Each structure stands twice: as structure tokens, then as C-alpha cells.
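Both complexes shown next keep chain A, but they swap its partner, so chain B is in the first and chain C is in the second.
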Partner chain A sequence: MSAESIRRKLMIWRSLAFAAILESVRRKDLYVAVILAGLMIAAAALMGKFGVQGLEMFLKDVTLNVINLFSVLLAILFAARQIPEELTRRTVYPLLARPISRFDLIFGKFLGAFLMSSLGLILFAAIGVGALACLGLSLGSIFWQYLLLRFLSLALICAMSVMLSLLMTPSATVTLAILLAIGSQTFSQAILLAYGPASETGKGLMRVSYYVLPHLDLFDLSKKVGYGWKPIDAWVLRDLFLYAMAYTIVFLLVAALRFRRQTI
Partner chain B sequence: MAAAFLLVVLLGAGGVLAQRVQPAVSELNGLTAAQQERLEKVASASLFGQFRTSLSDYLWLKADKYMHRGVDLRGLTDQEKRTNDADGVSTHPDDPVKMKHTEETTVVPSRERDWRGHLGDIEREVTPYMDMNNHGHGEARETLPLFRLMTWSNPHFIRGYVIGWNLMAQDPKHLGDAEAFLREGEANNPQSIEIQNELGILYTVRKKEYDRAMPYLYQAIQLAEARDPSTLNEDEGEAWKHAYRWAVLNRRDAGDQPTARTLAAQCLKRFPEDVVCTGYLKQYGHGAPAALKPPLRQ
Partner chain C sequence: MTFPKLYFPNEVSQVRDMNGNRLTIVQGGNDSVRDSGGPPALRIKDLDIAYRKGWFAPAKRVVHNLSLSVRPGEVVGFLGPNGAGKSSTIKAILGFVQPEAGEVQVFGHPAGTTIAKSKIGYLPEVALYYPFLTPIETLRLYGHLQGLGGKSLDQEAFDLLRRVGLEGREKQQLKTFSKGMQQRLGIAQSLLGSPDLLVLDEVSSGLDPIGRRHLRELLREIKNAGTTIFFSSHELDEVAQLCDRVVLIANGHVVDERIMDAELQAGTSSALEEYFVNTLRNAA
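== the complex of A and B ==
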């Protein structure tokens, strides 16, 4: 692949991502984030008035959970509608009439959803940290590791949602993506609990499902941040980066294969 | 943050309403059949009772997590109990928080017991995890507001009062607050064996006011003995036994050996294996017992 074609690809992906972001802004998606952020600030101010002495850990815990929950929901909602909307509004035809491959379209849309949800995460994190700072609370240096892992998880979630949106209806996509993203910890714990008493066949099935399904709970350092633990080792970040990249690439490839065979 | 605020508002409202809702739902002792029937028929009271019980249970779980620095614990499965194949969880003998850990293990298994290989290693790094054998409990200051909130939301949450006062009393400066907290628990739960026992312990151990402690210990014993033993839950059964033990130790330290002997003998009738009462009688058993006269509260 020549430097010229790489530059062309980058331009296509950037344009598609930018269009996806503009579309989200036009649809006032960010307003949801801003309203929620406003509520958080107001709540923080009120909490400050009531006094929070001794509730530091509780406030950190709740704040980080709110950041996690809202950023994941926004990512799923952004990503799940990118391709289906292009199809239902038939805007996909003029796009594909240009020299853009179907993979370019998938990747550009994924990039747009990822950037948009990252923006949401930054907004929520800024508001959360700001509100805690107003109350004289800080989260320590592990918070930056937490943010990095959340970005990685958003990439994985966006890729997964884009792939699912090509395999099922939008509502089913959102439901399944939410289950996989938010329920992954419960799933992990359930498998750990059920593994001991299971038969050999059952154990085999559990191992396969454990290793095949993405473990988004591994990208959540919120408990360690909230409870004031030390930063984690670099090898964990490296391995989680590779883990997220592997799943993201697989999901995007499956989505591209499915989209290539799809009659539109 | 918004959720936290909403929670605090609900707790505040819940606390006020909780005192007024009649009949109350959770952890009541000694309801008559008619009261019980009435309780079951009042749907709104039942719903509100369920809500505040759930809220106090949620806060209890949170406080439990805070005390363990976020390490998740769970009960043992039947298989783990049978095979004794699970990571142990126990409190350090010198830990001032009286938190029992029976048949518990960590949710995330240790490396030796984990079949997941590298993914297990990563999970142990990203979630709060440590060896919980002989562990201590975190700084009390962090959890005290939660105990305050959980007993506001559910004034019948006896375990909240019992652990809460112990945490407060870790700091001698807050002994008065701990006493007030426990007294509030008594006012809300006059039939509680555990709270009467804890009041007896507070005055015997922390304040060394031996005579002041005895009415509470007697009251705990009497409340337990007025009940059918099969209806006592594990905490009530423990409190009954401890009330006997502390009453014996209280009288021993107060120099009233005849009463201590009578109490120890009574204790062994109920709990023949009890080491404290057996030990006491071995050391101080020669002498006449006294007739018991339950003392009046000061």
C-alpha cells in the first residue's frame, strides 16, 4: 500500500468520522450529556452545602459508577445506530457511489462513534472530578489509568455495537450490547461460581464461553480508584490494550464481512 | 453524584417517614398475630418497609465493602464447604471491629485456585483483591456516615447499631457518640437482645461502670429466655450467650463473686460447653452462690 493510498484512506475515515460526529451534534445527542452534567454539578453543590465529611469514599464510588454507566450507554447508543440509520434513510447509496469501500464506511462510522463517546467520557470525567474537587476530594494518579482503560473499553464497545447492528435489529443490538457491557462482571462471577460443581462437559463449555466473550469488566478500575488503591503495573495496561485491540479488530472484520455480503 | 444526592434526599425523607410508618416491617420482635396480620394487609407500609430495608441492606453491603477496601466477599457454596477448597477469610485477632467471617471466601479466587490463567491474573490486578486471611478492617471514619444513614433509613436495622457503635468507640473521643447511637438503637428496638447485650458491654468494657451495665445484661438474658430458643436467629443466640459471659465477667471484676457464680452456673445450664463460664467456675467456683436480684437501671 503506497503512502498516497494510506493518506487517502485516512482522509476517508476522518471525513466519515467527522460526519458521524456532526450528525450526533445535529441530533443534539450531546445535550443529554450536558443536562446530566448540569444535574451532577447541581447535586455536588448541594452535597457541599449539606457537608460530606466521612462520605468521601461513598461519593467517589457513586461518581465513578455514574461516569461508567453514562459513558457506556452513550457509546452503545451512538454506535448502534450508525449503519442502520444510513440504510433506512438511504443515505448509504450516495456514500457508496463515491470511491469508498464498505470497510471504509464501517471503520469511519466506528471511529465517529468512538470519538463521540470518548468526548462524552471526557465530559463526564471532567464534571465528576470537578465536582469532587469542589468538595475537596481528589482521586489520585490511578484515575488516569482508569480513564485510559475506559477509552479502550469504549473502542471495544463501539466495535461490538457496530457489528451487532449489522446482525440484528437496532433495539436488539442495544439490548444485547448493554447486557454484554454492563453484565460482564455478573457473567464472570456466575461462571466462577458455577464452575466448581459443574460436570466436565459443563466446565469445558464454561471455559469456552469465558474466553470467547469479551470481558469488559477488566477495563474497570473504578473500585480501585474509589477505595484509594495504588496505580496498577504497566504490564496490565499493555495486555489490556492488546486484548481490546484484538477484540476491536475482530468485531470490525466480522462487521465488514457481514456488510460486504449484505444486499442494500 | 446526582444519584448520590438523590440517595441522600431519599434517606433523609425515609428516615423521617420511617419513624412514622406504622406498622414497621423489618426485624421486629414480638409482634402479636393481630399486629402481624394488620402489617401484611397494609400494602403501602409494606412497600415502604421493603424499600427502606433494601436501602439499609444496600448501605450495609457498601459499608462492608469499605471496611474491606473494596474486596468482594461471598458465601461458600455447598461443594466448597464439603471439600474445604476455598480461600479463607478471617479477621485478625487484634482487629477492634467485631466482624465475624464464617463460611466466606473472596469472589475473585487466588492464583492457586483460579483456572483462568492470565485473565485471572489481570482481574486480580484491576479489582481490589488481597489475601483475606487475618485481615484488618479499614478506617472506621469512612464507614460511620453509612451506619448513620442505614439506621436513619431503617431504625430497626439492629446489626447497623451493633457494628456502628463498635466502630465509633474505636476512637475514645467518640465514646459519647457511640453510647448515644446505641441508646437510639435501644429506643427504636426495645426488644432487641443484641442491643441490650451491647449496652452491657459498653458499660462493662469501655466505661468500667459495672453496676450500670448489669441491668442491660440481665435484660438481654431475660428477653432471650422469654422467647422460644428455636425462634432466635444466630445473632440473637450469640448475644444471649455473650450476655451471660459478660454478666459473669462484670460481677467478677466488680468483686461480687457470689452473683458471678450463680450466673456462671445458670449460663452452663443453657450453654454447657461455654468456656468462659466453665473457666470462671474452675477458678472461683468454691464458695456460696447468691440469689439473683435483677438490678434496676440507673
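== the complex of A and C ==
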């Protein structure tokens, strides 16, 4: 691939991502973040009135869980609607009539969803940290690792949602993506609990499920941040980065294969 | 890659004059039609398109054994009743549907490839654009996808908006645009990057009489500049005034082709309407 074609690809992806972000901002999708900010700050201020002695762990836990939950929901809701909306609004026709491939469209949309949900994560994190700081609480240096892993998980979740949106209806996509993203930890634990007494066939199926489905719980350091752990080793971050990239690439490739010959 | 003339049977054998006599096209009615010996602007050969709803449902064939070709610089009207397969054929030209059989080429390149698409300006039948973007942002987006950029893109975008009558509305969000205004924007985006082949599906859909006149003048300018135009329309006036040739399809295949002679291009659509109705009646 020549430097010129790489430059052209980057321009295509950037333009598609920028249009998706611009549209989302103008649709006021991020207003939910502003409302949440108000609620969190108000709640923190209220707690502060009564003093937070002994409630530090609880407050940190709530803040980090809110950041997780809202950034994941934003990512799923935003990514899941990208391609289906293009199809229902028929905006896909003038787009794909341009000299771009269908993979370019998928990747540009994924990029838009990822950047938009990352923006949401930064906003939620700033609000959360700000609210805790109002109460004189800090999160330690592991918080930056927590944020990095959240970004990685958002990439994976956006790719998964884009892929699912090409395989099923938008509502089914959102439901399944939420189940997989939020219920990931519960699901892994359920498999581990049910594994012992299961039959050989059941064990085989559970093993496949355990290794095939993405373990999004691996990207959640909120408990460690809450308990003030030391930063984790760099090799763990590296491996998790590779893990997230592998799943993201696979999901995008499946999406591209599904969309490649789809009649529009 | 070029194809010998033999490959375009209906280009030379199915064209008839007003009296139904077969004619051989050597040069179209328009002086700008080029017979360069290079590949045709558009070549469709034995095209079959079928849609399937569900894996086990039988396929519904909408285009069957359709062949036609359009030479560079030619303006061809693609006519037919509703459900004849016009939009499906146009979708195959853009690579939106995968044909069951046959082939489609744009200037010698397989339809749907990026190189083929880089030569096409396309206006969809129902043109919808991002409601939260402005016309100038929309044209910038399409321009970037086309490989254009910088000040020249902005200049071209503003110029196109002026030409389609959207001057002064460049920074207004499209959610406030009427259907006709969206169609004007659609025409502007199809002209972005000065494409070699314009493919317009129901080009005047949603336009008011003034908009139609503007459009006709614009298309005439484009035609005079030598751009190949392939368009479907139910507005026979438009077809009569702009086309060098019409291709009539029904039930998914070409039933007739005809050069637009002086009588048909006299400015009224009644002769063309007669031809349209009679040919379809005979074909049925």
C-alpha cells in the first residue's frame, strides 16, 4: 500500500468519524453526560454536608461504577445505530457511491463511535474525579491505568456493537451488547460455578463460550482503584491491549464480511 | 480494457426510428457524443438481479437478461413503468446489489470497484442526507470521500450550491430543508468532483417547476461539457429535451431503444409519451 493510498484511507476514515461525531454532538447525545454531571455533583455536595467519614470506599465504588456503566451504555447505543441508521435513512447510498469500500464505511463508523464514547468517558471521568475531589478524595495513580483499560474496552464494545448491528435488529443488538458488556463478569463466574457438575458435552460448550466470548471484566480495575492498589505491571497492560485489539479486529472483519455482499 | 463492437448487440441492432425501422447508431444526436474507440461509459451485459427475503425463500427476479451500453458523452434516458427494474439496474451500476448473472462495467472497470465509482456521480431516487449537517459540511464530507480537499473543495462546494439554487443556505442544518431543497443538494453532491458519468435516479423527484427548469438548464450545461448522463425519469418532457437516446425497459429487460430524433426533441413530450405507451403495450 503506497503512502498516497494510506493518506487517502485516513482521510476517508477521519471524515466519516468526524461526521458521526458532529451529528451526535448536534443531536445532543452528550446531554446525558451533562445531566449526569449535575446529579453526581449534587449528590456529592449532599454527602459532603453530612461528612464522608467511613464512606470513602463506597463513594469511590459508586463513582467508578457510574463511569463504567454510562460510558458502556453510550458506546453501545452510539455504535449500534451507526450502520442501521445509514440504511434506514438511505444516507448510505450517496456514501457508498463514492470511491470507498464497505469496510471503509464500517471502520469510519466504528472510529466515530469509539471517539465519541471515549469523549463521553473522559467527561464522566472528569465529573467523577471532580466530585470526589470536592469531598477531598483522590484515586491514586492506578486510576490512569483504569482509564486506559476502559478506552480499550470501549474499542472492543464499539466493534462488537457494529458487528451485531449487521447481524440482527437494532433492539436485539442493544440488548445482546448490553448483556455481553455488563454481564460479562457474571457470565464468566456462572460458567466457572457450573463447570464442575456439568456433563462432558456441557463442559465442552462452556469451555468454548468461556474462550470465545470477550472477557470485558478483565478491563475493569475499578475495585483495585477503590481499594487503592498499586499500578499493575506493564506486561499486563500490553497483553490486555493485544487482547482488545484482537477482538476488535475480529469483530470488524466479521462485520465487513457480513456487509460486503449485502444488498442495500 | 476495450471491447469489440460485437459485444453491444442492442447498441446497433435494437434502435428504431419513428416508423419502427431499425437504425444503426454511428454517432448520437448530440455532437458531444464521443466514439473514441475506448471502452463505453457504461456497459451492461446479460444482467440478472434477484432479491431473496430469507435464506429459504424463493428469489424474486427483478432484472432479467438486460443488456445496454452508453458511449462517452451520450445522454441516455432510462425509461420504464414502476417496478420495471430501473432502480435495481442503477443499483447494480453502483455495486449496491450483486447480480445473479451478467456483468456491469463503467469505463471498462467492473461496477462497484472504487475505480469505477470514482468516475460516477450518483443521485439516488430518494435523496436523504444527514439532518444535523449543513449543506457545506455535507459536500465537504462527500468531497473528502472522493479524494478532494482543501480550498478547491470548498470553492467547488460553494459554486455547486450556488448553481443548484442553495446560495445563502450553506450553513443551515438539513433538518430544516424541504424535500425539493434536499434534492437540489443531492444534485450538487452528484456533480462534486466533475464525474465522467452521471447516474441520476428519478432526477426531478420532489422539485417544483422552477427547480425543474433550473435542473434542466444545469443538465444541459453538463451535457454540453461532454459528461455522459444516464438517468431514469418519469418526466418525459425532461427526457425529450435532454436525451440523445432512450432505453425502455419492462419486466426487467430492455424492450426497445430509440434515438431521440428531431421530432421527439421538438420540446413536447406527447410523441415520446405515445412511443412509451405503445411500445409497452406491444411488449405486453
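Here is the rule we go by: the second predicted complex is superposed on the first by the 264 of 264 C-alpha atoms of A that agree within 3 Å, B and C clash if a C-alpha of one lies under 4 Å from a C-alpha of the other, contacts with A are read in each partner's own complex, and residues count from 1 in each chain.
One rule holds in what follows: a residue touches a chain if its C-beta (ideal position, glycine included) is under 8 Å from a C-beta of that chain, and two chains touch if they have at least 3 such contacts.
Since we're looking at a predicted model, the values are computed, not measured.
The superposed arrangement places chain B and chain C next to each other on chain A without a clash.
Once the two structures are superposed, chain B and chain C can be ranked by residues of chain A touched, with B on top. By the touch criterion defined above, A:L39 reaches chain B but does not reach chain C.
After overlaying the two complexes on the shared chain, residue contacts for A:I12 are found with chain C alone; chain B is out of touch. In the superposition on chain A, A:R26 makes contact with chain C only, while chain B stays out of contact range. When the two structures are aligned on the shared chain, A:L95 is found in touch with chain C, with no touch to chain B. Look at A:T263: by the touch rule set out above, it reaches chain C but stays clear of chain B.
Fitting both structures onto chain A leaves chain B and chain C with a minimum C-alpha separation of 31 Å. Common to the chain B-facing and chain C-facing surfaces of chain A is no residue whatsoever.
In the complex of the two chains, the chain B residues touching chain A come out as 1-8, 62, 66, 69-70, 74, 77-80, 85, 107-109, 115-116, 118-119, 122-123, 125-128, 141-142, 144-146.
Residue ranges of chain A in contact with chain C, taken from their complex: 8, 11-12, 14-16, 18-19, 22-23, 26-27, 89-91, 93-101, 261, 263-264.
Partner chain A is touched in their complex by these residues of chain C: 51, 91, 94-98, 114-115, 117-118, 120, 122, 124, 126-130, 132-133, 137, 140-142, 144-147, 149, 173, 186, 189-190. Across the complex, chain B is touched by residues 36, 39-44, 46-47, 50, 53-59, 61-63, 65-66, 127-128, 131, 149, 188-189, 192-193, 195-197, 207, 210-211, 215, 217-221, 223-224, 226-229, 232-233, 236, 239-240 of chain A.
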